[in-house]
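Right, one structure below, let's go through it.
We call the chains A, B, C, D, E, F, G and H, going by the order they appear; numbering starts again at 1 in every chain.
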Amino acid sequence: MAEIKLMKGNEALAEAAIRAGVDAYFGYPITPQSEVIEYLMMEQPEKTTGMVVLQAESEVAAINMVYGAAGAGKRVMTSSSSPGISLKQEGISYMAGAELPAVIVNVVRGGPGLGTIQPSQADYFQSVKGGGHGDYKLYVLAPASVQEMADHVEDAFEMAFKYRTPVLILSDGVIGQMMEKVQFKEFKPRWTDDEIYQLHGNWATTGKKKGRERNIITSLDLKSEKMEGRVHRLMKKYAQMEEEDLRFETIKCEDAEYLIVAYGSSARIAQKTVDLARAKGIKVGLLRPITLFPFPKKQLMEFTKQVKGILSVELSMGQMVEDVRLAVEHKVPVEHFGRTGGIIHTPEEILDALQQKLIKN
Amino acid sequence: MAEIKLMKGNEALAEAAIRAGVDAYFGYPITPQSEVIEYLMMEQPEKTTGMVVLQAESEVAAINMVYGAAGAGKRVMTSSSSPGISLKQEGISYMAGAELPAVIVNVVRGGPGLGTIQPSQADYFQSVKGGGHGDYKLYVLAPASVQEMADHVEDAFEMAFKYRTPVLILSDGVIGQMMEKVQFKEFKPRWTDDEIYQLHGNWATTGKKKGRERNIITSLDLKSEKMEGRVHRLMKKYAQMEEEDLRFETIKCEDAEYLIVAYGSSARIAQKTVDLARAKGIKVGLLRPITLFPFPKKQLMEFTKQVKGILSVELSMGQMVEDVRLAVEHKVPVEHFGRTGGIIHTPEEILDALQQKLIKN
Amino acid sequence: MAKVIGAIVVDNDKCKGCEVCIPVCGPDIIRMSSEVNLKGYHYAYMENPDDCTGCTNCGIVCPDGAITVYRMKVED
Amino acid sequence: MAKVIGAIVVDNDKCKGCEVCIPVCGPDIIRMSSEVNLKGYHYAYMENPDDCTGCTNCGIVCPDGAITVYRMKVED
Amino acid sequence: MTEELIIAGFGGQGVLSLGKILAYSGIMQNQEVSWMPSYGPEMRGGTANVTVILSDERISSPYLKLFDTAIILNQQSMDKFENTVKPGGVLLYDPNGITIHPKRKDITIYQIDASNLASDMGNKKVYNMIIMGAYLKVKPVVQLENVTEGLKKSLPERYHKLIPLNIDAIQKGMDNILTVNELAILS
Amino acid sequence: MTEELIIAGFGGQGVLSLGKILAYSGIMQNQEVSWMPSYGPEMRGGTANVTVILSDERISSPYLKLFDTAIILNQQSMDKFENTVKPGGVLLYDPNGITIHPKRKDITIYQIDASNLASDMGNKKVYNMIIMGAYLKVKPVVQLENVTEGLKKSLPERYHKLIPLNIDAIQKGMDNILTVNELAILS
Amino acid sequence: MKTLDIIKPENLVYKRTELMTDNTLSYCPGCGHGTAHKLVMEVIEEMGIVEDTVGVAPVGCSVLAYEFMDIDMQQAAHGRAPAVATAIARTWPNKYVFTYQGDGDLAAIGTAETIHACNRGENIVIIFVNNGIYGMTGGQMAPTTLPGMPSSTSPYGRDTCSTGSPLKITELVANLPGVYNVSRHAVHTHKHVRKAKKAILKGFQDTRLRKGLTLIEIVSNCNSGWKMQPRQSNEWMEENMFPFYELGDIKVDGKMINKK
Amino acid sequence: MKTLDIIKPENLVYKRTELMTDNTLSYCPGCGHGTAHKLVMEVIEEMGIVEDTVGVAPVGCSVLAYEFMDIDMQQAAHGRAPAVATAIARTWPNKYVFTYQGDGDLAAIGTAETIHACNRGENIVIIFVNNGIYGMTGGQMAPTTLPGMPSSTSPYGRDTCSTGSPLKITELVANLPGVYNVSRHAVHTHKHVRKAKKAILKGFQDTRLRKGLTLIEIVSNCNSGWKMQPRQSNEWMEENMFPFYELGDIKVDGKMINKK
């Protein structure tokens, strides 16, 4: 069994990237995720796996570097936090449009604006509805532990290349900054040039080999008919993701009369609420979406047969709650509880909210 | 009565800005809205009203110029189209956080990515859910005619200063590029320095006058408690907007059995659908949200008592339809119809969709 | 003595009638047609074919790559 | 002959003990306290007050603006 | 009365301004108008077209798929727009540079040899006004005095002296329109 | 067993690494652990704190408002964290620089004069290990041999020779802890 | 001799390189973009490096360069081509990577990406087509627009008091140690074309030698934006652009060229 | 004479300007930011222009400058202070507008805004505190980091082969015609402070005369980022930073200063 390490979420993510055979990382420092690039610079994977690590001049440059490497068939990633991710929206929309596989990590802090550097989940809308322009979606993974910060890297690349789409790992300051035990998978070598020619030579700009058409990476279709076709192609992928690659976890849901829906750090905290509630005799379960898009719509609908009410718990003023409401089609009451601005809710607060909003009413 | 002119929507918006006593415009060219800055440069308001017009080096610079002038108590605006608006997301989030009054115009084109320059409404999510990071909203106006492109400028500034918030005018290539009749309001002089000191001297950075505290424009609160307070203050404003400044229009709804919900150019096209439908004996009405946030939730809920189904018509793969669904709480069927990628739906197509999705089913 | 003679072939449909090829031609061989092509442009042609030296100047500067140049030596 | 004498007042709670004021003091007057202030810093004080010329160097370079300088002329 | 019209041709043929003058003329007679151009880089040396609607009522959709009238000034536009004329409608075209002439039988088709007429008048700029004349001959949607007013509105002051020349061109167009295919019964 | 602990003090006091060594020690005895620091610019010359949880079960929330134990190393932290100790819990503090001593009666309060003990040992760096010793004396959540292992894991190889010194410091802490307020009944 | 006798395969001395596709260029008649495209493709063909070349197209009139250049290409967001190229060159160190950018793209919105790619000395070639205007969007003022020159956003001529002087970004980046070759050319006459091609060739050769970044500015016309006929625009360019944007070498093999 | 006799209001010769608030500076002990703050405030106080001055704070350690400077201030997004200042200066042409920025802010993410504000010759003063590192975020490499200098993202020292040479953006923008004054200073000794203050004063005076843009670089320490004690950091700065970032005037009254 692999060695157990104690690491920060950000560091675990960086280490996992090296081990996942990632070819390149481009990023710009910002709290609370600068450990990602710092760890990589310290480890110097350039000397071992050959992974390129470059500090870009800005987030805008970084995301466009990701565009370039992804378009050339490489496994490439970037990470940032909220304001930096906002700056990347044009680039992300381009990548979705050009159908480029890459991994973007957002270790969310409290906004809007410069806000605070403390943890938050208020970038949910931006992540799942499309913070950039146009009709597109990202495949969004929400790790809730240091172990998942590590594991999701490989998962994210798998999805990125399966669908040729940018994948977002939506983390937050808690998960990024905390240390927990983590175990890493075996090293996975970077693709050789030949492997890339074989795997991605039919679309990536690896140099036009004899006998094939030139490969073009673009999100432009001046002709609207073609552009609509492109968007429909994207939508088909998104439908397939919903079918094949939805992920979620249920905790103590078997006999639950009330359901908490929470992801990431909120799910960790809400898990304690579940225990507190059960200690008081209130049967609460937790549904933790691991993918935020696709969202466990059907599963939530299923629960409407069982539970009396649902509480969406997020470190925001209420964003995911809309998706929960859309999913359950108003069959049971859906309420929101959340703190914002970097304040982290306590398990006790959540229990209070649940009682007040769903039970006492 | 004021003279009737024939103008493009973009030009009418620019002329209205001059007449509304706007102090400054900062922008960067992009199709289909470059006429805004071109018109202003041609008219040289600098020589008449003293309005500053500057072509910035990028959209990022432009939005931050808007931040600066707004923070100094001036009426300031910018305009762009989808990719440029994505680049502005960090700046917009900052302005929401710093509570700055300003007007941002998005003349939407088809995305994602570079996409097409043809009209689209696929930036709805970005506009109303928050394309930038953090918990915030914009007051969003959606003009559906050249006349409204003109009128909304003054309306937008009124809201911007009433709530000290950035206001988005969400237009599209149809409304921006078409010419129609337009009549302008009387010239409204720019605020004098003294007026600004009086009106905004309590918050804007106009130079610290004796006897008052210094004014600070910032979106930063390193202390989470303060940051949460800031966000709560924002949420209070948004609630007030819903109470006091919601706008919408209903067309032929009195006896409607089916309701189309559409805004901007789609509303224009759907209006023709209403006529076509009624000619066929199908009683269709149109609800046109004029503000997309706040959204006419209660009004839609009211209509669930009257209509058999609702069709959300947008030049997108389905974005506003989520807000319609959230509003009507699943009391009547809600369907979406829309084209994307720059294709504009025809009145006939919309009627077909209505019949197939809501009536035949 | 050997002399060099040349000829050009203009792809009429590619030509956009920009006339950029005219001033670079020493012997002043190129003129524009009075007809227009499918795209509505007057296209270039050799008005004085005999004087062409096949120097390639016109081909080199043609933005649309519409000109192909041939050259051969002939005994005087 | 007139002589100039000076004195400084250090705001102990503002001082962060950075010692930047020490090397700019010609007469080498400033030392750091052995106690710490509320923030945990050793703060500056005049070890040899008599030699201070009130030249203001220390005040000028103090990043935290913790030093106030006084000066007066006295007859020798 | 509602007239839904498309004008399509090369960028340099004055397509957009013809539409604009028509729209202004409509305003002069108190009509509702809309003018919706194609736009963007495909205009570069390529085609341009504009949809103009004149109506006595509030105009809903400014964007249309089918038209009462199509004015077509080059082959690409013919390929694209011949079939967008409503049955019983009108297609007016300049035969110059047209290699595949319109074949529809359910509409009325007219020709106006505006390219040559403009050369005759020694001023290529009046090309679109000749077209205008031909159009107004068969579809008198706006009165000539309102066109004059429309011209005044849409031309910068310094060009107002050219208005008589433009009116002449309109007359020329009216006088020289040719009927290719008169619609017998349908309309 | 679950121990929920906060350690709070100045940035330079080794607060975070103390927590890390504890967490690593927990891992050495097969426990679940979490280590959640405060982070950000307020750390600049200011305070730092870290929440450490050691448990035999899967840890849910790594972020807590109430603690079994608080280790407090400066006045600001005392102000902020005295009241976060659960009734019946433990508060351990270094009296150095503390002007307002803790007043709670429902918890057990200990002092460890680690600043002076570290000076005595002639090495300021062992400060946090003295604290560790005092803590382990009253809350033996990890065994000493696991601490040694934890130190090995968390210190870079080149510092391993300092481990004996650290163990000495832990011993010093264990030997010098002072009970200020023994909780009589409550616990 | 009859023309037809000359036109034989064995007498062919110039034809469009095969690396230009058969698609009709989207450029206006006489626009220098087409000529510049040909040059780059000729160099790649002559060096025989098409299998190892990746181009990056900008946003600007040449956004569709990938329709015309028969090589693998990426279309970058407006101004970001140097960042895109950086990543390709770093992850594929043995490829030839070039960007093709306009002046709005490179010197306005892309300023930071340009300067930092140059400063890092990325092993790429930048082809910078400076026509002093935003061609694509309809002739707006660029940072490179000449003083007094009209454009759709400076209809009365560029006013340097309010908008600053034209930015010579080429000279600016030449000073950066990471930059290996910098020169300025034109492509409206055969002589200029030949010089420009030589410089491009050297740039790609130096890529092979991993020497760092080559930036080649091509001062070009924009008939549409300048509202001129092509020949007239080329004359105007010679008279007005060249005196300000002096042609010639600026930095060669890492050494600044001293001009008197 | 007793100390207490000297400490009388009439003998006061130096105290912190009243335009510095009483808030404790958020800077590390000995950080030059505090001294630089004082200088700017002293100039504004001495010129009596507080009622007409607007400052723009960056994102960086000095993000909270508005907590310490008792004047109206805006906090700009990372790198965008020159754009923010541009708008304030243009819409309030009679105000004194300055930005206060770090090297990451001004020379990395803000490169485009810096260059274009300079090129347009905005009537503003830019105070540019170059400590060769990203202080705020924990000591990452900046474009200005010296070769071989360690930072948290160049833990083995900056490798110029991969990251380029330190960017002297000050020299770069000095070449732009819109820029009126450029100089480089330090604030760790009284002599340096006095020179720096003179330059800042001249900058604000030239704002009054509407001369255009003044950029003042202050080479400063970052004890935390450099992992040194304050005094040690100042010595290191003199030995390592000053030889590379030469102090002195670079451009005065629109004229480049020739250095031998």
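Basically, contacts are C-beta pairs under 8 Å (C-beta built on N, C-alpha and C of every residue); 3 or more make two chains touch, one makes a residue touch a chain.
Note that the structure is a prediction, hence the values are computed from the model and not measured.
Path length between subunit C and subunit D in the touching-chain graph (shortest route): 3. Counting hops only between chains that touch, subunit A reaches subunit H in a minimum of 1. If each chain is reduced to the centroid of its CA atoms, subunit B and subunit C end up 55 Å from each other.
Per-chain Cα centroids separate subunit F from subunit G by 63 Å.
A separation of 88 Å divides the Cα centre of subunit D from that of subunit E. Here the spacing of subunit C and subunit H, counted between their Cα centres, is 62 Å.
Annotation for subunit C: residues touching 2 or more other chains are 16, 39. Contact with two or more other chains is made by residues 31, 54, 57-58, 60, 83, 90, 94, 98, 114, 117-118, 218-220, 222 of subunit B.
Looking at subunit E, residues 40-41, 45 sit in touch with two or more other chains. The part of subunit A that touches subunit B in the complex is made up of residues 60, 82-87, 89-90, 93-98, 108, 110-118, 120, 122-123, 125-126, 129-136, 218-232, 234-235, 316-317, 319, 322, 325-326, 329-331, 339-343. Residues of subunit H touching subunit G in their complex: 108-112, 115-116, 119-121, 143, 162-165, 167, 171-172, 175-178.
Residues 5-7, 9, 14, 16-20, 22-24, 39, 41, 46, 49, 54-57, 59-72, 74 of subunit C touch subunit G in their complex. Within the complex, the subunit F residues that touch subunit D are 10, 45, 74-75, 97, 99.
Only residues 23-24, 26, 52, 54, 56-58, 60-62, 64-69, 71-72, 74, 76, 90-91, 94, 98, 204-210, 214-220, 222 of subunit B touch subunit H when the two sit together in their complex.
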